[in-house]
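What follows is a group of structures, each given as structure tokens.
Presented sequentially are two complexes of chain A, the first with chain B as partner and the second with chain C.
Right, the complex of A and B next:
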């Protein structure tokens, strides 16, 4: 079984803890392999011993000899192995998640979990960028997350970068991640949070610091496509979209739904649900609950097709 | 016992035959529909086990539904709502309606013959427990056919489970399971008293069969593990029904309190499930190794150690909730430590086989397969116990794989081993070896094909409890393999079901002890209800191996208590440590009061679910009436004579009160569980205090006056109750009655004073968590005070009816014991609610 498992680890997907791209995930993957190999050997040894005792042996052992086996195999061996393993893991813990002190001076990202999407706020040097359903990180820089929830308990998890941390109403939890490899990964809610828990994911884009800085800087200003279609912008507000969604630079200032200021530049819509294009945007607006049960956004089935297309195209242009 | 061979053997034989016929008649089951009013441990054990098994098959079908939905990505076979109900009910039913009850069933079935007793000490309590379990189980399972099953996962985390999205399913979960937990605690009381007080003479604790040791430990664990959940259920349901904000952070509550209470229950629960399965292996492996267990003391100490440690691990279910790293480190270490006693138990089995000559029978096949699977689950358990690894693995399919390796290897396979091993005691013949081996290999391969890939799926990032998943992120074929494996596993289970249902009655009666086992239960004849024909004197851990004449003596009626001349069901009570004979206990016989009580209590819970307050109230009154009738007619009976001759020149009293009576022990054990629930509520109070800088949220407290008044009144009621017990013993019946009246009045005033505290301060329990937790504590104390009043009045009525006399005062001893606990409850409650805010 072990070689089969090892073969699986290479290139095991965008959401895999076995294909690490962050410091914590790398350390834990190493820990995992050590334990898996060790555990495999222990399992095989114990089962072989049990088979020997029950099927293969020729002569019964003495009671005294068998009693010694209990002491050495059942007490001494596990005490030694577990002490070593525990020491290693406890030594690892503080270095994986160094909170407070020097770590807070860099980038800080606030995540607020909602049924079934993520509110994301980037803070650095007094600048604030509001976004949703996507997380972007620079390579090689430790980032601290502040995790909160607006409704249920959710759990924020990017397997390729590190372990998860719950978002609990009434509390602010902290998580610290250090990405080591640029690329696009996938994160997902890991705590069951209601009917569409399965559909609460997000893309994670890890890029070189310069690229990331440029991206973040662009997000501090209104989107470039904002004036592309004044009619669509008007419709967006008139049809009530702005009551729940915010688009920087317009009258749309709602906060009940995801911030859409630069929605056109995101990789997915609906919290990792669908690729982001005019057609999927239109589908989502027309009937959110058919794509995502329990979505709080009302359906816009009576919106004329032309208006729907216009709004979708305008949103896609918000880069 | 051979000194009974006397002249005139023919006459003796006739006497013995008549004696046997009478004994059989006394223990006989009613016929026709009245069969269902049986309380005998065989019937109850069999019904209990069959019902638990049926619930398991139902939950297994739900699992197949879940696997079918996950077979391919983006599947739309079932709706997300049905999926969420299916996995919630699967976990709930497996845990609460199968894994724990199946062992209560096996224990009720096996313990009396294994201990050399005729019956459990409280057969009617056993029957009541079964009917409660059955009614509650059908209620919870049935909900899915109305689309109303719980849908928030089997650990029901608020705020999801307190929200409207949880629907009535959450109430069904909370109330239905609270009802079932009553049955579990009833079983725990019965098992503990049975194992401590009903062993055959000579069976000292160090000669007890390992199964009895394990069940004693497990029953003790139930007593400390289930009450925190019951307390949690109470808080939870108060929030759902009346908007008391225990878990609402906007009003001072905290959803994490539920997680603590749930896992303080939930982790010991795993060992409550696992230890009895190991106990079955501890009976099976020596039999097929043809020798006594190697390391009896090792395995007993390891089981005790596991039981203790299991209460210190619960936070490893909460490693991702943001607790301080120091507590994560502590709980990681404790979780690793529990692997050590577990390893000892495994190595005791290996050592026993090593020192014996092993017959690799079908039960052994299941036992060894289970051990192989369980070791793997144990090793992944060692992995996830480390917080850094758990941050990745937590709430993923890795955990799903781990827990199924632990539970199926550590519980289901041993249960099947036990089924194949003990089936001759049910039906007088073995199950089919051919089908058994086929079923084993189907189940073993099917299991591994299902659950091994889940480790990989989880590490590849697949969270648990998702009804669908996207294609092409590395999970597709892993899930398809799992689903195919689940079908194979299901076919294997089906083969066993066929074996049990079709194979029966085709063969003639087999041997009495087909595996040549060494323990007393193999004297049992499936056709007889009496447990043992006569009670042996035990001098060995494996009496059938070491005491060659024992079997014959028992069957010939040459043991103790061979007769039932007075037409009453009787069993021996012996001392706790050395099993010296102490008393002949007359146990309850066939009765429908148990069904009546279970049905009315069930109605209370079902009616509460639908908020039919009046129905619930009426059913509650009927339940209390039923219990009083049950106690009045079935307990504390003054016997027609003082002593009974049990043979071999020993005469034992028929009546006992105080620490010598089984009722006193039952009260003590029940109140220990009750005290644990109370302690959990007090834990809640201080939990809220620790998480807030301003604990009271600016709300008025109950003041010190009324709580102190209540405490004083309850303390007086307590001393008056003790006084009544002493005065009665001295023979002053009138003074006893007066003191009981005075005690009841004082206690009733105490209840009123308790409620007056928060009432006069106009504390609004919906405004903030502080008034809510104060109200809960005070109501808890007041309800216990009211029960105390009922008990005092009951003693008064018994005294007036001549059923409680200076010499026969069992009730007064038990009520005084209750009041000891009541005094502690009052002391803690009123010091906490009345004084603690003042000294802050």
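Right, the complex of A and C next:
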């Protein structure tokens, strides 16, 4: 009973290909069920036949009868079934990779994989919004992704929305997704890329187009909390944070780490690692590698607690 | 027209005719698609590639059918039953004919499977 429950509960949730919320994922899920049920039926038939032959059949088959069984059951049947399955999968392929060029003129999202975080750039009508470690999409609109890598091979996968696609250094791979259900999902790096590969995830927020447009429009301007604490903003730059992180509207213009322009509004910090609040932000700043092994951000253990709290609170305010 | 074909080919190499055609066809399909999608072919459209693959597939299937016919003949048109395991020249010939026929069948199906994507795909992914 318990294993059955566990198996069933894995079929739903924010990161399940069996609980699709996108057009591509629906096709992949259908393909999965067709293959699974088909394979199950063939397996059951084969086992039944083996049981019949070994337990209940009284007489040996004639040589001609056995030959006929092998020909129909072992040659014709597999060829027909495999041809049908191959054709079905190939027939799905063009719709799983829909790149008209014209059809996806709208929103384009560039993703650059880094150990162990995601650089995200939204482009639409000439506007550019830089973000990181979170992907937001409008429901019902096809979005094209351009996938690149800054260091090694990663793989971009939002199981609830569609299939995965590798990010390969020196190449731009393309992926097209159409979300059909609003909600919050989870994406995950699906190609082993180093010690914190499993912690390289990201929340995916699918919202109504109007809501998404408002969100994107707000991201073209500096964060509202930017002037909340000039002292903290000063500290952020003085302590060297700005050498690696960019915060729109300040002197912090680094690009080695994730863009933090609106970091306070993200659902998680550390690329899907922890919920985003003052406390987790402070913990991450103080000692990133203890939360995420292999993180290239240096520890700030000598930062006075008051300064740490101030910077964390300011970052959380960047909405 | 059958007199154009040699009466009997007594060589182990005929066994591999169909798999070699399969390999050559496989290589052609993959190379043609890769080269076309990377460099193009004098401005030809994707349908030209599909048509070319279709024609090459027809030619490959014809060669395999010919190999299968020769094998069937060598096997005595199915008059004797396998396994043909006597240490005699006749059984060697029959066995080789039968094995060639089976390999031809496999190659025939494999060539079709290799060419199937050309039937469904409508463009390069650039």
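Here is the rule we use: the second predicted complex is superposed on the first by the 307 of 319 C-alpha atoms of A that agree within 3 Å, B and C clash if a C-alpha of one lies under 4 Å from a C-alpha of the other, contacts with A are read in each partner's own complex, and residues count from 1 in each chain.
Here, a residue touches a chain if its C-beta (ideal position, glycine included) is under 8 Å from a C-beta of that chain, and two chains touch if they have at least 3 such contacts.
Just so we're clear, the structure is a prediction, and the values are computed from it rather than from any experiment.
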Which superposed partner A:127 touches (first chain B, second chain C, both, neither): neither
First (chain B), second (chain C), both or neither touched by A:63: both
Chain B versus chain C as contact partner of A:91, first or second or both or neither: second
Which of chain B and chain C A:184 touches, first, second, both or neither: neither
Chain B versus chain C as contact partner of A:18, first or second or both or neither: first
Which of chain B and chain C A:35 touches, first, second, both or neither: first
Touched partner set for A:79, first chain B, second chain C, both or neither: both
When both partners are placed on the shared chain, which of chain B and chain C touches more of chain A: B
Chain B versus chain C as contact partner of A:174, first or second or both or neither: both
Contacts on chain A seen with chain B and repeated with chain C across the two complexes: 63, 75, 79, 82, 86, 90, 93-94, 97, 174
Chain C partner contacts - residues on chain A that touch it in the complex: 63, 75, 79, 82-83, 86-87, 90-91, 93-94, 97, 99, 174
Chain A-touching residues of chain B, taken from the complex the two chains share: 79-81, 84, 151-153, 157, 159-160, 163, 165, 249-250, 253-256, 294-295, 298, 302, 320-322, 325, 328-329, 332-333, 336-337, 339-340, 343-358, 360, 364, 368, 371-372, 375-376, 379-380, 382-383, 386-392, 394-396, 452, 456, 459-469, 473-475
Complex contact set, residues of chain A against chain B: 1, 5, 8, 12-18, 24-25, 27-28, 31-32, 35-36, 39, 42-43, 46-47, 49-55, 57, 60-63, 65-67, 69-70, 73-75, 77-79, 82, 85-86, 89-90, 92-94, 96-97, 147, 151-153, 155, 157, 159-160, 162-166, 168-171, 173-174, 186, 188-199, 293-294
Interfacial residue positions of chain C with respect to chain A in the complex: 81, 105, 109, 112-113, 116-117, 119-123, 125-126
